Every structure is written in C-alpha cells, then in structure tokens.
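What follows is a pair of complexes built around subunit A, which joins subunit B in one and subunit C in the other.
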Partner chain A sequence: MNPTATSIKLTNCAKTFADGTQALKPLNLTVKAGETIVLLGPSGCGKTTLLRIIAGLEATDQGGEIYFNQQNMTSIAIEKRNIGMVFQSYALFPNMSVAQNIVYGLKIRKLKPQAIKRRLDEMLEMMQIEALAHRRIDQLSGGQRQRVALARAIAVRPNLLLLDEPLTALDASLRDRLRSEISELLQKLGITSIYVTHDQSEAMALADRIVVMDKGRIVQIGSPYDIYHRPKNEFVANFVGNVNHHPNVFDANYLTLFRPEDVEIVEPTKGDFEAKIISVLFLGDKSRLTLDCGFKKSIYVDTTLRQNFKTGMKISMHVEAERLIKLKTTDNGPATVKES
Partner chain B sequence: MSPHYPRLFLLILPAAIVFTAFFIIPMSRLIFIGGTGENGWAAYYAIFTNSRYLYSMIATLILSFSVTIISVIISTIVGLFLVRNQFYGRDILISMLTFPLAFPGVVIGFLVILSAGRQGLIGYISKALTGDKWVFAYSIAGLFMGYVYFSIPRVILTVMAAGEKLEPSLEEAAKSLGASPWQVVKDIIIPALKPGLIASSAICFATSMGAFGTAFTLATNIDVLPMTIYTEFTLNANIAGAASLSIVLGLVTWLALYIARSLSGTSVAPAG
Partner chain C sequence: MRHKWLFRAQLIFTLLVCGFLIVPVILSALAGITQNFFLGIKSGVTLHWLGEVWQLYSGTIYLSLLIAIWCLIATLVIGVPAAYVLAKQNGKLARFIEEIIVLPIAIPGLAIALALIINYGGFRDFRTSWGFILVGHILYTLPFMLRSVLAVLSSTNFHELEESAASLGASFWQRFFTIILPNAKSGILAGALMVVTLSIGEFNLTWMLHTPETKTLPVGLADSYASMRLEVASAYTLIFFVMIIPLLIAMQKLSQKTNKV
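Presenting the complex of A and B:
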C-alpha cells in the first residue's frame, strides 16, 4: 500500500438540489486508505452526486461532514483537496497539447521544471502514450484520450482518485482492455480510489469493496464476492447478476433464490424440480437455457455440459443447499445499511 | 483540365461580380482620385507630413484601441455573468443591453450629451458631490463613452454565444487539479472565448475607426479621422485629400486587424 494513501469518512451526507430533488438520503461511508471502492447502481441513483460531494464540486446538505484522514474537509474548496478526477467526457483542455494537459496540475503546484519533465516522462511511459506527447487533443482517439485523462489525474500524486464512468464512452473491446489496465494501475499505485459505474462486471473486476446504491441510498457494502453470493436483498441480487426464484421452496419468511450457473442438470426425475426448455442460447463455452416450470417467471440455467439441448426437452435440476441465496422477506424493501 | 473547374467558376462568378462592382472599381477610382490633387501622389504622404492629419490619425487609433479594450473587458465580464446566472428579469436585461445595436451614431451622440453634456446627469451629480460640474461630452472623452456604449452589445452577444458552449467539466477538471478561480479564467475560459473575442474586437475596432455620426453630433473639439475627411471634403473642397485619407484610413485599419490576428494564432504551442 502507498504510505501516503488517505482514508475517507463521510458522515450523514445528503444532497437536496435547489429544485428540491433529493438526490442523496443522509448516508455514511468509510473508505480505507489505499482501497478501491466502486459505487454501483442504476442510472439516477445518486452515484455522480456522491462522487461530486467527495470531490468538493457539490456541497453536502447541512449536517453532513467529510473527513480525509480524520481531517475535516467539509468546507475546503475542491482546488485545495489534492484529488485527481477523471470525467466521463474526459474534459481534456482543448487549448493545450497532451503534454501540457498532463503537467497542468504540476505547473499549478509550481514544481521545478526538471521535476515536471521527469513526472511527465514517467506518466507518458506508464500510460504508453510517449508518441502522443505533442499531439493536440482533437487528434486523439477515445481510448487515447482516456489514457491522457488518467495520466493528468495521477500526475499530481493525489490523495484520492475519483473516476466517474471513465469507460462508458468507449466500445466494448477497448473497454475490457482499459478496465484491466486501470485495475493493474490502481493496484500498483495504491491510491485510495472511488470509481463510479453502472456496469456490474466493471465493478466486480475493479473493486476491493462495492457500494451498491439505489434511489439515493446505500443498499449494501461488501466485497465483490459477498455482493454476488450474499446479496442483501433482491434488488442487489438482480443488479449484480441474474437470479432465479426457486420453484418449489416456499417459506413465508424467506425468499429463496439461486444463480443460473449454480444449477446442476441431473438424470431425469432425480432432481429437485423439472422444467421444459423454451429456448437455448449456445455461447460456445456454455449454453444458456430458458426454462418454463409452470410459474410466471422463467428460470435461467447456465451449463457447461457438452450436450445438444433442444427446445421442448424436459430436464431435471438440482441446486446444492449451500448455493441457495436465502433472503428474509422483510429485507426486500429498500434498505438502509448500517456500516459494520 | 479537371472537370470540376467549370462548376467552380460558376460558383465563384457571383462573388467575383459583386467584388468587382462594389470593391475593385470604386476603390481603384478612389485611389486614383487621391492622386489628382495639386500635390499629385504625394497626397498619400500627407498623413505623415501634415501635422493635423497625423495628429488626427494617432488620436483615432488610440481612441479605437482603448474603446476596443474597455468594451471587451466589460462585455466579457457581463456576458459571462449573464450566461452563468439565472435571475429574475434576466431576459429583459439582456434585451435592454442589446438595445443600442439599432441606434445610428447621431442618437448615440445625443445620449452622450444627455449624460455628460452641459445639462447632463453626470454634471449634475458631480456638482452636488464635488462642487465641480463635469462636462466632457464635447471632447474625445465623450466620444469614447459613446463608442464604448455602442460597442458593448456586439461583444456581449458574441461572448454569450461562446460562453453557453463552454463545457462545465473543463472548469471542474482545472479546479480538481488545483487551479484557483483566476487560473481557471486565464487557462480555460479565456482560451475558449478567444476566437469570439478576436472577431468581435476586430469589428469593434474597425467600427470605431470609421464611425462618424457620433463625432459629428458632438462636434467642436473632436478631430478624429472620419471628421477630418468630412472637413476636407465639404468645407475645404479638397477632394483628392479626402480620398487619399480614406484610403489610408482603410489601410491602417486593415493592417491593425491583420497584426492582431497573426499575433493571436489559434494553434497549440508545443510543450517543452
């Protein structure tokens, strides 16, 4: 871990906009030094608003407080917070070259010319954009712009790196590649980072902990593993992957769910339940089956069996007890989570 | 020959006709007339040899230059404020600010007399405050005031159009990198407004160089070049002198704008 990494604490932060929209309900959040946190949730749930409050671009409502390393930053302006920020639209300065963009924060900090030059070379090399140093911004591709934006944000050695959907504007294959590059970069730098996305696979790949948000609230905080396998409620379970309702476990107090990949296809009549195949999606490494088991909701099954499944076939299925996701039905409203 | 040439020729033709009819022919005639006076082509040197001409040229240049600078500064601040802030009565304020666009120079001159003339508001207030009655409507200061008043709306409109296109995330990015509000203005906002500011300064400068109506209304003490041309033409019947001065006025204005444009090249300087 980076020895200068900063911990973040938010207490009671809420946001009501001038027009009366309550974008965030009062919430608490602690980010450990050097940790990568991903804010995940559907569009409009308040991710950007929360990030902007942490950055200092929005003020929290009366009563909220923000700490960096136990130091109260609530009323400190953004330019004094020593953060690095990456915007969805990149926000590169069009009147400056790539190199000028990257060193802008260093010039503001009045570093010596040699130090600036050294840091510039280091950044160009780290992001593999040496050849672009003297280009104008409008001469760059989307992926190159994103690298420059990252380089500019980390060049100042920020206490905290904030990224708002940095990959959304890129096409799928580039997104995958940059995602793993960013993941490596964050590991290597050990800077405390907060990353906003509505893409669950991005969240899984990058996060030490995921903060799932819905309608201005934090619904669950946990490691990607916990969020996926021990979701707190049906909203979380659905948001981070697909889930099925168990067709023949009924309990007034519990909702029993399972994930498509946790289904075993067994010999006819030997399983817990049977269903008819409605459609088969062959994906090469696996097949995704959609099944009708007499309920309103279809069941989805992912299987790696080398078997030529056909529409209309009836199959018998089993789910190991420990793979079942059991949710207290009382938890299925929007929940506020107390931080442990 | 490329098959596109005939079509290209047809497209250029209207422009060529207009250019010839309204520029080349009258201009060459004017240049020619400038050389028909008793001193012949030396009339074109008169701007340097005749101290009244020279003085009038320098006064006009200084006036136009300062009008441009002051108008651009005021309009940039006001224009950005209007783009950034929503308040009650904003739309009415904007349309009032752009009101003088339609006024002829005479009306501007009249307004200057109303505020800084012998019976003017400024004189009245200054008398009450300091005991001195300030009257500057009939001097170059009055002309300055009139031109600034007249130029501001043009520049404000350009600044507002460019300001609305400013991307807020650019300013936020600069702030996140530690830039103070002043550094944001200097490094982000001004460069983004630059093309618009250059274009509107050019118009503002050229208009002030050639404006006549206001100077004519305020009259007496003012000796700007368009007034000198008018005097030569009507009172002294020195048609050649008037023509040569007109050509020189046009050339100097063009040269000033050319220098301004090349000094403010829009390309990115390489880092290093």
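Presenting the complex of A and C:
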C-alpha cells in the first residue's frame, strides 16, 4: 500500500440544493487508506453529488463533516485538499498541449523544472502516451483524452483520486480495455480512490468495496462478491444482476430469489419446478432462456448446456438451497443502512 | 443550362451592387489627392490636401485614437470580469443585469448623450474634458465587449475547466489567468477590435458630447464637410479610411478563424 494513502470519513453528510432538491440524505461513509470504492447506483441517485462533496466542489449541509486521515476538511477549499479528479467529459485545458496539461498541477505547486520534467516523462510512460506529448487536445481521440486526464490527475501525487464515470463517453471495446488498465493502475499506485459509475460490471471489476446508492441514500456497502451474492434487498439484487422470484417457495417473512446462472436444468422428475420456454437467446458461450411458470413475472435462466432449446418446450429446474437469496420482506422498502 | 443562367444573373447583380457601393468611395478617395476635383484627375495628383488636413485636424485624429485606447482599456477591465461573472451565474438576477448592460445597443446614441448631459453636464470640468466623450463611448461599446466574451465563455465548458484546475490546486486568480483568459481569448480579441472600430467611427453620441476643444475625427469630418473645400474633406475621409479599414479587415479575418474552429 502507498504510505501516503489517506483514509476518508464522512459523517452525517447531506445535500440540499438551492432549489430545494434533496440530492443526498444524511449519510456516513468510511473509506480505508488505499482502498478503491465504487459508488454505484441508478441515474440521479446522488453519486456525483457525493463525489463533489468529497472533492470540495459542493459544501455539505449543516451538520455534515468530512475527514481526511482524522483531519477535519469540511471547510477546506478544493484547491487545498490535494486530490486528483477525472471528469466524465475529461475537462482537459484546450489552450494547452498534452504535456502542459499533465504538468499544470505541478507548476501550480511550484516544483523545480527538473522535477517537473521527470514526473512528466514518468506519467507519459505510465499511460503510454509519449508520442502525444506535444499534441493539442483537440487532436486526441476519446481514449487518448481519457489517458491524459488520468495522467494529469495522478501527476500531482494526490491523497485521493476521484473519478466520475470516466469511461461512459467511450465505445464498448475501448471501455473494457481502459477498465482493466485503470484497475491495474489503481492497484499499482495504491491511492485511495472513489470511482462513480452506474455500470455494475465496471463496479465489480474495479471495487474493493461497492457502495450501492438509491434515491440519495446508501443502500448497501460490501465487497463485489457480497453485493452480488448477499444483496441486502431486492433493489440491490436487481441492480447488480438479474434475479428471479422462486415460483414455489412461499413465506410471508422471506422473499426467495435466485440468479439465472444458478439454475440447473434437470430430469423431469428431479426438478423443484417446471416452466415453458417463451424465448431463447443464444449468446455463444451460453443461452438465455425466458420461461413462463404461470406467474406474472417470467423466469430467466442462463445455461451452458449444449442442447438445442426450442420455444414451447417444457423444462424442469432445480436451484441448490445455498444458492437461494433469502431476503426478509421487511427489508424490501428503501432500506436505511448504517455502516458498521 | 438554366443553372448557368441563374448563376450569371446572380453574379452580375452582385457586381452591380458592389459597384454601386464602392464607386463613390473610390471617387471620394481620389478627390482627396486631386489638384482640383472639378477638373478631374487630369489636373494632377497632389498630397497638398492631406497636408492641409493634417495641419487643421491632426488634433482630432490624436483625440480619436486616445479615446479609442482608453475606451478599450475600460471595456476590457469592466467587460471581461463582468462577462465571467454573468456566465457563471444563471439566476434571474444575472440575466436581468445582462439585459441592462446590453440596453445601450437598442438606445439611439443621441438619447444616451442627452441623458449624460442632463445628469452630468453640470460638472463643468468634466463636461468640457474628453473624459465626457469617453464615458459615452464606454457606455456604447461595453455591450459589444460583454456579448463577445459571453459568447465564447458559454460555448466552452469553462465551468468544468475551472473546477478541474481547482482540483489541481489552482487558486481563483491562477485559474482566471491560466484558464479563463486564454480560453476566452478569441472573444476578447473580437470584442476589442469591435470596440476600437466603433469608438473611432462613433458620430451620433460624440457630436452631442463634444466641445470645440474636444473634437474627434468623425466630428471633425462633419465639420470639414460643412465648411471646407471638397478636396480637403475628401482627403480627411481618406485618412479615416486608412485608419478604419485595417481594423475592419482584422475583424473579418478573426471571425473567419473562429468560425472554422
């Protein structure tokens, strides 16, 4: 871990905008030094607002406090917080070259010219953009801009790296490649990072812990594994993947769910339930079946079986008991989750 | 075939219009260097009239340049920060203030001049100084500077640029000088050319505000048209052209360049 990595603590941070919109309900959050946290949630749930509060671009409502390493930063301006920030639209300075963009923060910090030069070369090499150093910003592709934006944010050796949907503006294949590059980079640097996205696969790939948000609240905090396999409520279960309602387990106190990939297709006599295939989506590595078991909601099943499924066929299915997701029905409202 | 005809007709029409506009200008310019306008150019070419204009009116030329430069300085110092603040705010108040500052575009120069005289004419020293004209020019040109800078600022996402500069540690003034100003440069330059051109050519306002001691070039021109030989007036016009045309060309070039980007 990076020895300069900073821990973050938010207590009671809420945000009400001037027009009365309450974008964030009072929330607490602790980020360990060196950890990568992903804020995940649907559009408008307050991810950007939370990130901007941590950055110092927005003030929290009265009563909220922000600590970097035990130090109260609540009223410290953004330019004094020593953070690195990557914006969705990159926000590169069009009046400067790539190299000038990268060293901007170093010049502001009045580093010696040799030190600036050394850091610039290091950044260019790390992001593999040596050849672009003297280009103007409008001569770069989206992916290249993203690298420059990252290099610029990291060059100042920030205590905290904040990224707001940095990959959303890129096309799918580039997004996948940059995602794994960023993941490696964050591991290597060991900087405390907070990454905002509404893409669950991005969150899974990058996070040490995922913070799932909904309507201005934190719904669940946990490792990607926990979030996926032990979701706190139906909203989380649905947001990070697909879930089915079990068609023949009824319990007033529990909701029983399972994921499409946890279904085994079995002999007619050995199944827990059976259903008729409504549609088959062949994806190469697997097939996604949509089934009708007599309820309003269809059931989705992912199977890797090499069998030619046809619409109209009836199949029997079984889900192992430990693969069932059991949720207390009282937990299914918009839950208030206190961080432990 | 029809296309060809249409094109030719349009070309001829355009040339006619251009000729209609440009011939008097050329004649007037020639008159300024002709011995005797009524005898025509065959009476000989001379710089005599230009010399005479210089003797009589060089003061007005200096004063016009002086006022234009101060007017430029004032509109830069007031207009650029004002545009920045207005671009940053998007409340009702900001739009209202913008409307107020831009109002002089819609008000006739004569009315602005009258208002100035009624309100401040009593301060004799001020009334008789060229500062009085300067104030009128600033009122009249400020909207152009403001509009021009506002337009670039709202076409770049300067708000986000500023936030990212702040995240890199830049204080307000560092951001203003390293990010805002350089990125607003094209707008500031266009505004500056406009201000200088308008100030040098302004007549309505200035005619009302001037005193015999404080004549600008256009006021002097009007004076010479009324009381001097045609050749002198034309030579004077020629000088005015020489001053104003480079500015107009620069403005045209600049707007072409910014349109391309």
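We adopt the following convention: the second predicted complex is superposed on the first by the 340 of 340 C-alpha atoms of A that agree within 3 Å, B and C clash if a C-alpha of one lies under 4 Å from a C-alpha of the other, contacts with A are read in each partner's own complex, and residues count from 1 in each chain.
Here is the rule we go by: a residue touches a chain if its C-beta (ideal position, glycine included) is under 8 Å from a C-beta of that chain, and two chains touch if they have at least 3 such contacts.
Treat the numbers as computed from the prediction; the structure is a model and nothing was measured.
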Side-by-side fit of subunit B and subunit C on subunit A, or clash: clash
Contacts of A:134 with subunit B and subunit C, given as first, second, both or neither: first
Comparison of subunit B and subunit C by subunit A residues contacted: B
Partner chain(s) touched by A:99 [first = subunit B, second = subunit C, both, neither]: first
Which of subunit B and subunit C A:55 touches, first, second, both or neither: both
Touching partner for A:268 - first (subunit B), second (subunit C), both, neither: neither
First (subunit B), second (subunit C), both or neither touched by A:108: both
Contacts of A:85 with subunit B and subunit C, given as first, second, both or neither: both
Which of subunit B and subunit C A:152 touches, first, second, both or neither: both
Subunit C-contacting residues of subunit A that also contact subunit B: 55, 57, 77-80, 82-85, 87, 89, 91-95, 104-105, 108-109, 152-153, 156, 162
Subunit B to subunit A touching residues, read off their complex: 167, 169-170, 172-180, 183, 187-188, 191-192, 194, 268-272
Residues of subunit A defined as touching subunit C within the complex: 55, 57, 77-80, 82-85, 87, 89, 91-95, 104-105, 108-109, 152-153, 156, 162
Subunit A to subunit B touching residues, read off their complex: 55, 57, 77-80, 82-85, 87, 89, 91-97, 99-100, 103-105, 108-109, 133-134, 136, 152-153, 156, 162
Of all residues in subunit C, those that touch subunit A in their complex: 156-157, 160-161, 163-171, 174, 178-179, 182-183, 185
